[in-house]
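Each of the two complexes below includes chain A, the first together with chain B, the second together with chain C.
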Partner chain A sequence: MAAAVPLQESALLPEGLNVSFKLLPAAIVSAMMLSFLVIGFIYKVADTDDMWVAGRSIGNIENGMAIGANWMSAASYLGMAALIALSGVYGLAFVVGWTTGYFVLLIFLAAQMRRFGKYTAPDFVGDRFNSDSARAIAAITTFLIGFVYAIGQARGMGLVGLYIFGDPGIPGLSGYQSMMILFMVITIGYLALSGMLGATKNMVFQYLILIIAFLVGLYATGWAAGYSTILPQLEYAQLISALSAEFSEPFVNESYYLWIATAVSLAFGTCGLPHVLVRFYTVDNERTARWSTVWGLFFIALLYLSAPAYAAFGTDLYSQNIRPAFGDPGMTSAAADVIVVLATQLSGLPSWLVGFVAAGGIAAAVATTAGLFIAGSSAISHDIYANIINEDASQRKQMIVGRLSIVALGVLTMAAAFDPQAPIAALVSYAFSLAATVLFPMFFLGLWWERTNRQGALTGMITGLILWLIPMANEGAFGIVNGGAGLGIDVIATWMPAIGSAIVSMPLVFVVTIVVSLMTDNPPQETRQMVRQCHSPRPMAQDRTAEEVVARRTDDSPADD
Partner chain B sequence: MSDNTSHDTRPDGGVPGDVVNREQQTDYLQTEINILKPSTPYMRDHLKVIWTGFTVWIFTTFGPVTATVLAPDIMTSTMPVLGFPWHYFGIAIGGPGGSLLLAAWYARKRDQLDEKYGIDHSAPVTDPGGQTTAADGGEEA
Partner chain C sequence: MYNRILVPTDGSEVAEAAVDHALSIARDNNAELHALYVADTNAISVSLGTEQVDRIRQGKFSEMTELREQAEAATGYVADVGAEAGLEVIEHHAGGVPHRIIANYADDNDIDLVVMGSHGRTGVRRALLGSVTERTLRSTRAPVLVVDYRENE
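Let's look at the complex of A and B:
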């Protein structure tokens, strides 16, 4: 099987990590979560106007930080350094894929999306392709992305939670499982609270806390262990030659093809992720949309340029203190997933500082999971239930369906994260393959080729979903096929690995969508005009969508058609 | 009126002022959008920037790792001063850094394009349509 990093262990207990209840770190985690809520509450009070309209006055730098906060999940905070520590140069495909995608998003989608004025994937797809079925498929995809993405977050919460709170000794559950379930329950509670408090406004604060926790940890570790002084992001170079060849030698862990497949999948997946899209809703015009993407990439790069340094420090400290990180048995994936915390601990820093770093990891996981669950549940309650199943649904009924779907997402995630078979970053990358395959082609063609029509989009998205499932089944992801053994077809495992399947399936979806669109009718005039409105360089009013502009024009000159 | 009427069917503009004039008379709601066939002067200029950026992006993103396959010995040698192996530096720092610089470059280019065509995003837009000129060129800018 060519999937990355097949390491797994049944107990999922990171070796070397000091697992016990720690009062101060526990207090820091609680304080951090609480402060997110308090800040949200303060914004809520300060802002009596309609939250959304007021929110649109957010500027470049603020929105850039919000983009960063939105982006930083357990996969960035913990998983990135983990993969670099475990898989060396292959792990860098994640650094590259998760940053460079923002440039593609910027040049092809950001400003046009802002003008189109629809910010959830189901809304965009449903309105652009005039189809409730397309809306439903996009909603199901959004739900699936939320679920798959959250599994990696749950794993991160469980592992770091184990460090902070220790093993509570619940019969029948391992320490990891108890902590994972505890934090998923906390997340759902947090979500209920933050939903009421309008948490979207406190993302600047969230970003600052997370980046400070990560960088303080890195600087302190580098300093305490004597690796670095003022610029660990460059100074870890001195360490590379001392580390085992697996850390830096190219293609010893995975092939060149898998590297490219992973990077492509992650970069284009970035452009198709529903929760990334929403960030363009809060800016006043497309110029701000552009510049805040630039700032967002800058704020993300701060973390991503630091992660390899953390990985290098962690790998070296692990080898010195526990056992050689590479070779047999080497570092387990559970230890790698907490390498950021482990490195800080092994360098002999006080436990409150280790706790602060760990708290950042948990906070990143909880906040991202909350955002994903909101997107997933609104896809079900708003786009599928209220729009398709029960068009007369009352607000109350919609809310009940929304809450039920959050619980469903939570239960599904906990079940899948009970015994996760891959590291955090690999789990999350399945969601990127899905976004790159099903949603990115719809956004791209929908905005850049007005001829794309309903039939093309429907066929394309269904093809995409099937193509995404093939490698997942082949590799038995989440234990769904043959109890996790999968179908094990070598050709597919080699050329269409689940972790980077979009390299094959995304171009296929493009071709299918284009061919079917060409074989069927032109989309209606109003739809094509909406696309055109997205490309006009002329400013448009803040609270207006392309649809409204077109509707207004059509009323003015009905003879146009 | 046919739906893909465009005022500009010539492959390139004449003097810049001319291009700007024609752009200002363009009604985007009557202009076909196809990424491979930009139909207004502005979109042509814009897509030139986009494709240039995208091409450079392919090199900064996938170039270092590909070079490592092609010339492993050169790429794994150590850089002077910094001490990184070249391939590690190119991938871990060149990739994200390249995209960041490209992003800033693109956003600046777009601002310059707006300036060239006299588009101002700083003033609040009150005209709900955002379209100022009639499609049939009734107004000269």
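Let's look at the complex of A and C:
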């Protein structure tokens, strides 16, 4: 079962993909990277001469697009269709899990987080549980999530880059490795400038690029190959019986249990991802928080509803033009990871269009990596450095620490993506297991059960980290244990697969946190009132945080509650 | 000679080292004292996240508790010391690139003198951390008095 997803060949070279330097697509990708910078400069963050004067606020739709761009990575753009192409119905677990997560977020977390009103996810954990250790564990987890998540993005950038720019022939490096490093370096350089770049405006632009590229690619492919006309999202159903049973029959490739485990892990992981949650701290009010989530989900669904169609077209084209996609040897994971681009090429579309679709994939990877790295750098510079190590740290020192963390994250990611052991979607899902296991229970219990205390949170998070590592070691992720072979214990591999380990570990963390909290003291009265304030039905003034409301109330009437 | 004196401050000891000098000159000239705090948006984007930069731009400064408290404490120190000396102190909070804001503020408010602290960093530390004071010197036309601060010396 270690092969939850069929595995790789060591030299990542997607077969059937015409790897060479392509002038027009290369120009399109370069122009797109450049336009990010141009947009950034046009909307650059102007000086705010007086911080007490209200500026223009960001609307629901704009916020929703920013959520979409931040969220949809190479895993959504390339990996989702890839997994559906490789594993058929199993891949749908990603579509279901990643959208369900937003409902949980909408109902239980978005508005409540807004009320708590802090800066970062570790801020919430540290302040809610009154503990610097809890803050530190949350910060390290945030950093780890950024790292694990980015490996998949690096793989996506490398594969698409290889397709467009060809193998530059750097001695000692394969074409994939050279391209992966090149695009990661560009992303890090882009981040160095990000302070000057208009954050939300740029994200809206990135979203538009990636959704237009994906949909145009899908419609054009469907049209040119004669699969579909106006609604490929539904019309691909006509292909289902033509495709082999591996594609269309449920639970042939993977078990029912693995399907559920993956979906659960992805859904709750979504709610625990720091770079998703930060957007809710900054919206105007709770109403905007909720509506932004709804719009975000809509903008995400536009792509998600189309991915299965793309995968079906791609699989069929691959079988017709290259070799049968299933059976032996079948489609490799490297080819699947670029199926979106490959399908466009195989249906005989002009190369500029293929380049445009590829550019969308890179836009998705760059936007998400930027968001992840910023979340990781703020965890280190704000939560660990400025809050724990050096409380008098000046703004500039924090900036240096933050930039160094970004570089460290980049180097770690490049090292891990040098010879990735799994497809994009699987790599990314390890990060979701981690978020669902360690952070989601803290957010959920922290906001909804006032009795959760420091001891409970600390034991819960440590248990979560250990539980996350067990299946990772068992399956030898990142080639650390037994040179990538892992421990190979069958029971763990079957019931706690790394790709969906949260189905077992998340409930365990909940139980541990609750039991330990009940066995130890109540948290302070102020903390409990703060929790109640976060989900009280009474509306709250716009410019207040739960903490301030509680502070004021305790001043006025200590007997309240 | 000096009617309006500007003290840019980030609340650090380095910045506060300059306050005494500013105060003395202000008293002698019966000048108005301006205390300016600048939230460095470049620093905020990597330490708190780009979303927080958006938040500042939206004028949501009042709900960013920690940053607001830091800003208020920084300019509040100057206001307190000034009040003791019987001087009028104007507090101002802004966000952006520090040296540019300081220069603009000096221009817009007819500042006659800027008084600010400096670390006196050298070598690698200077290359890495740079100096807001040095950049301010280059971007403003107002006279600048630099007060060097060295710890434990």
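Worth pointing out:
The definition used in the following text is that the second predicted complex is superposed on the first by the 535 of 561 C-alpha atoms of A that agree within 3 Å, B and C clash if a C-alpha of one lies under 4 Å from a C-alpha of the other, contacts with A are read in each partner's own complex, and residues count from 1 in each chain.
Heads up, the rule we're going with is that a contact is a pair of C-beta atoms (placed from the backbone, for glycine too) under 8 Å apart; a residue touches a chain by one contact, two chains touch by 3 or more.
As the structure is a prediction and not an experimental result, all values here were calculated from the model.
In the superposition on chain A, A:Leu92 makes contact with chain B only, not with chain C. Legend: residue contacts after superposition of the two complexes on their common chain; A:Gly117 is shown touching chain C, with no touch to chain B.
Within the superposed three-chain model, A:Phe298 lies in touch with chain B and out of touch with chain C [touch as defined at top]. Measured by the number of chain A residues touched, the leading partner among chain B and chain C is B. Within the superposed three-chain model, A:Thr545 lies in touch with chain C and out of touch with chain B [touch as defined at top].
Contact with chain C, but none with chain B, is seen for A:Gln395 once the two complexes are overlaid on the shared chain. Applying the stated contact rule after C-alpha superposition, one finds that A:Ala386 touches chain C and leaves chain B untouched. By the touch criterion defined above, A:Ser30 reaches neither chain B nor chain C. Shared contact residues of chain A with chain B and chain C: 542, 544, 548.
Per the touch definition, chain A reaches chain B in the complex via residues 89, 92-93, 95-96, 99-100, 102-104, 106-108, 111, 234, 237-238, 240-241, 248-251, 256, 259-260, 263, 267, 285-288, 290-291, 293-294, 297-298, 301, 304-305, 308, 448-451, 525, 528-529, 531-542, 544, 548-550, 552-553, 560-561. The touching residues of chain A, counted against chain C in their complex, run 45-58, 117, 119-120, 194-197, 199-200, 278-279, 281-282, 284, 374-375, 377-378, 381-382, 386, 392, 394-403, 406, 542-545, 547-548. Taken together, the chain B residues at the contact with chain A in this complex read 1, 3, 23, 28-35, 42-43, 46, 49-50, 53-54, 57, 60-62, 65-66, 68-69, 72, 75-76, 78-79, 82-85, 87-89, 91-93, 95-100, 102-104, 106-107, 110-111, 113-114, 117, 119-121, 123-132. Against chain A, the residues of chain C that register as touching in their complex are 10, 12, 39-66, 71, 92-97, 100-101, 104-105, 128-130, 132.
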